[in-house]
Amino acid sequence: MSEFTADEMMTVAAARSLRDGAACFVGIGLPSTAANLARRTHAPNLVLIYESGTLGAKPDRLPLSIGDGVLADTADSVVSVPEIFNYWLQPGRIDIGFLGGAQVDRFGNINTTVIGDYANPEVRLPGAGGAPEIAASCREVLIVMRMSTRNFVDRLDFVTSVGYGGGRGDRERLGLRGRGPVKVITDLGVLEPDPQSCELTLTQLSPGVTVEQAQEAVGWPLKVVPEPTVQPEPTETELTVLHELMETR
Amino acid sequence: MSEFTADEMMTVAAARSLRDGAACFVGIGLPSTAANLARRTHAPNLVLIYESGTLGAKPDRLPLSIGDGVLADTADSVVSVPEIFNYWLQPGRIDIGFLGGAQVDRFGNINTTVIGDYANPEVRLPGAGGAPEIAASCREVLIVMRMSTRNFVDRLDFVTSVGYGGGRGDRERLGLRGRGPVKVITDLGVLEPDPQSCELTLTQLSPGVTVEQAQEAVGWPLKVVPEPTVQPEPTETELTVLHELMETR
Amino acid sequence: MVGVARILQLDEAIAELVHDGDVVALEGFTHLIPVAAGHEIIRQRKKDLTLVRMTPDIVYDQLIGAGCARKLIFSWGGNPGVGSLHRFRDAIENSWPVPLEIEEHSHAGMANRYAAGAAGLPFAVLRGYAGTDLPQHTSTIRMIECPFTGEELAAVPAINPDVGIIHAQQADRAGNVQMWGITGVQKETVLASTRSLVTVEEIVDELTPRPHSVVLPNWVVTAVAEVPGGARPSYAQGYYERDNAYYQQWDPIGRDREQFEKWLEAEVHGTARSAR
Amino acid sequence: MVGVARILQLDEAIAELVHDGDVVALEGFTHLIPVAAGHEIIRQRKKDLTLVRMTPDIVYDQLIGAGCARKLIFSWGGNPGVGSLHRFRDAIENSWPVPLEIEEHSHAGMANRYAAGAAGLPFAVLRGYAGTDLPQHTSTIRMIECPFTGEELAAVPAINPDVGIIHAQQADRAGNVQMWGITGVQKETVLASTRSLVTVEEIVDELTPRPHSVVLPNWVVTAVAEVPGGARPSYAQGYYERDNAYYQQWDPIGRDREQFEKWLEAEVHGTARSAR
């Protein structure tokens, strides 16, 4: 059994969530690493789409930004930024979108805009970017974030991207056409929306993590399925490919 | 002095109306012949734009359709049809648009849709094509049509494209941003809008044509400027280049 | 996901994708007109179609004359450089062989309707139609007010055909498509349609990126059929030229019902030429 | 007509085209960021600018830190892969060196605002913002009803900058521009702007058509300036790679007012490097 870090477990878990052949809207950082890992392991036909306008990029190294030249060089097509949002993301053609953020709440809503008051912020974050429409339009969303009471909060300071809003039925009411976040992948485990209430519920633990540890890392009383499973550890192959990938940066 | 036909005079007159460096939205037939003649004579930097999406085409022969391959082969850029209308025509970037039609009225409004009743037409014409928005958005419009009481009518059966509507001020009221038709070039002479009323007024005659002949060819009492000029005949060069051009078809 | 494009024979593809009563767009702007696919629709005697195209030309004249269509949505219908579409006129003026309803727009309006369809929006906004008689006769033209400036603009609804059909130069064996030269509104047609068919000049091992090319990845295309010459008498840049004489020759055939029916028997029903 | 593009020196072009108080967009999506042009704006001590950009990164941090801007219209502000823009945060959180008003959108909203600007429309429609807190804080997001389906959608006003500035790989001697690789929203930026400046890696005798390239004809460009390396530390495909280390190195400089002011003196005001 190899050694692996919590972040590696998180990346591998995210990669495993990507089924072969899916069209995936990829952000830079962990999502891009996970998508490229998936493409090199179980999902060789994963279609990588970056908001910079590259459709079907097949990078031979880990891109360093969403606009890395290797993406344009290896893409099936390069389109403009208005086109990528209007013709490709908005109609709901993309199977899976990745999101991260500074704060997430129990319904998978995300804040990437501001901590504190909008007019007098404690911390000004980067802002929305592509997230609101990725959250709205991708058929499914995966959220990837490290778990801590600072990030998993009872109440967002700002709703940048909508998960399930105030709960079941809100996406439909808002006219959001994708399913919403189907998984929140963290260093400590995986949360999934409760089929009835849409409240994020702990369904899987990372190896060696307890339910209590996960609950302590969340700023609301975290619900847990009756028998949370333990995620399979990263395989030798997954770790090897991941390490190779990280070296290409 | 060379022999020339009334149609050749009309083509040469249209070509002369195109100033060098202008961006010109070109339809097939006489407008395309005129634009290509101009580019080979006094206006080498004329920018030819075809609604098929070719920007800055420099055809070495007369294109046979607005989508002729020679246009794409020689263009500065080829864009999609939505783009040519939205990014290039609509904002008013194009200096000159050409229009023809089955019927024109005294305010330069044009019918290319139907003769007779819309629901039970006598003659069903091709329809609008690019004309309504060319008429609305080009900085200036040139209309080219043979003069006859069948074509120059008191009342259109259908308004496909707006010239000056019901007269002065109507373009502004309708929010049309181009100046409207600045010339109607015919086989018998040239009409221009009266600066006050915008009513089309005979300002130039083709060589050998009388004011009476022109007036008889128009289905309304045609106004005439006090001293209509006679258009200079096609020069030897214009005719030679025009004949060469026609042979390339 | 529509799934990944399957490579089919043309007749299989039309049989599977086009159903009686469908809204069908066969697009092509002078270049790359999917004529063979249109003939296969006639051959399979599809009917009650709502045909959509910016520039219906002779293949639409043929579809209409063969009685496949109950409605035409268009912006310019003619035989370019030649004259009228006589089957189209006979249908409108005399309801022969069946009545033809029309819905007509300008090119700008149609292009925006496809663009809205491709973008997953219910409508598009444009500066168009103001002062013309089109809005009186076309219920799919309405006015909309800019919520910022109060300005009045035209609105047109999205077009989302049941089936979009185009012709391209190449596909690879995985069903990715590449076309180049004048590509009109074909990308939008495929993206706006529920199902799509791309006929291609040839299937190649690898698509080489080209200037001014449009690539449609296989996950937005339903089916690809290899149909060399499938755009004739229009042209396929890099493959063959436009058969300008044919457009002239069509005029007397289209002008006369009997001649047209002979043509239909001989050139479409009597041959499977364009089926492979 | 804006007239045909003139080929100018960068300092002349900025002096002529950018005025205090202007709305200025320097666009570039990771690739081809017009950094040298931004530095020249700082060098010429332009002020009260409304800066527009989807992805303000370090050159916008520098412009803001230098006090050139009174307002920023944007959708994602950060040092990609590194972290915050500290000059931007200092301006928003502490009004240093001058207060900075912000107007923030999503990428989809900004892209559509530029597209509407390029299309000569007063606004654009998109599926966006629903359920988010953005409309509460951004008055340029409103709702609009589809006149056909009654559906509610978001509307955003066009962006039409006084000056749009981009960097491209090449121009020819007549001022026609070609860029390739990831070209973001740069075509729209130029087409939406009243005046435009394109800095280029090189001026060539002839532009060779390339796959995925965008060509801007000289009659929609106001000025072209040859500025080799003008996109550094971002990259210019076919010319040089992104200087990823520089983005890291910027973090401690941007974090500290004194360090930043030293940088400003030494690297911008103390040099005319990027002026030629």
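To keep things simple, chains are lettered A, B, C and D as they appear, and every chain counts its residues starting from 1.
Keep this in mind: a contact is a pair of C-beta atoms (placed from the backbone, for glycine too) under 8 Å apart; a residue touches a chain by one contact, two chains touch by 3 or more.
These numbers come from a predicted model, not from an experiment.
Novice: If each hop has to land on a touching chain, what is the smallest number of hops from chain A to chain B?
Specialist: 2
Novice: Compare the CA centroid of chain A with every other chain's and tell me the farthest one.
Specialist: When every chain centre is compared against chain A, the largest gap points to B.
Novice: Roughly how far is chain A from chain C, going centre to centre by Cα mean, in whole Å?
Specialist: About 40 Å separates the centre of chain A from that of chain C.
Novice: Can you work out the whole-Å distance between the CA centroids of chain A and chain D?
Specialist: The computed centroid separation for chain A versus chain D comes out at 28 Å.
Novice: Return the residues of chain A touching two or more other chains; collapse runs of consecutive numbers into ranges.
Specialist: Those would be 77, 86, 90, 137.
Novice: Among the residues of chain C, which ones contact at least 2 other chains?
Specialist: In chain C, the residues touching two or more other chains are 120-121, 126-127, 151, 187-188, 212, 214.
Novice: Each pair of chains that touch: what are they?
Specialist: Listed by label, chains in contact pair as A-C, A-D, B-C, B-D, C-D.
Novice: Chain D touches which residues of chain A in the complex?
Specialist: 28-29, 51-54, 64-69, 71-73, 77-78, 80-82, 85-86, 89-90, 113, 118, 120-121, 123-133, 136-137, 158-162, 165, 170, 174-177
Novice: Show which residues of chain A lie in contact with chain C when the two form their complex.
Specialist: Result: residues 21-23, 47, 55-56, 76-77, 86-87, 90-93, 95, 137 of chain A touch chain C.
Novice: Spell out the residues on chain D that touch chain B in their complex, using ranges where they run on.
Specialist: 1, 4, 118-121, 176, 187-188, 191, 214-215, 217, 219-220
Novice: In their shared complex, at which residues does chain D touch chain C?
Specialist: For this pair, the touching residues of chain D are 120-127, 140, 142-144, 146-149, 151, 153, 155, 157, 209-213.
Novice: List the residues on chain C that touch chain B in their complex, please.
Specialist: Residue list for chain C touching chain B: 29-31, 54-55, 74-78, 80-81, 84, 88-89, 92-93, 104-108, 111-112, 114-115, 126-134, 137, 151-152, 180-185, 187-188, 212, 214, 235, 237, 241-242, 244.
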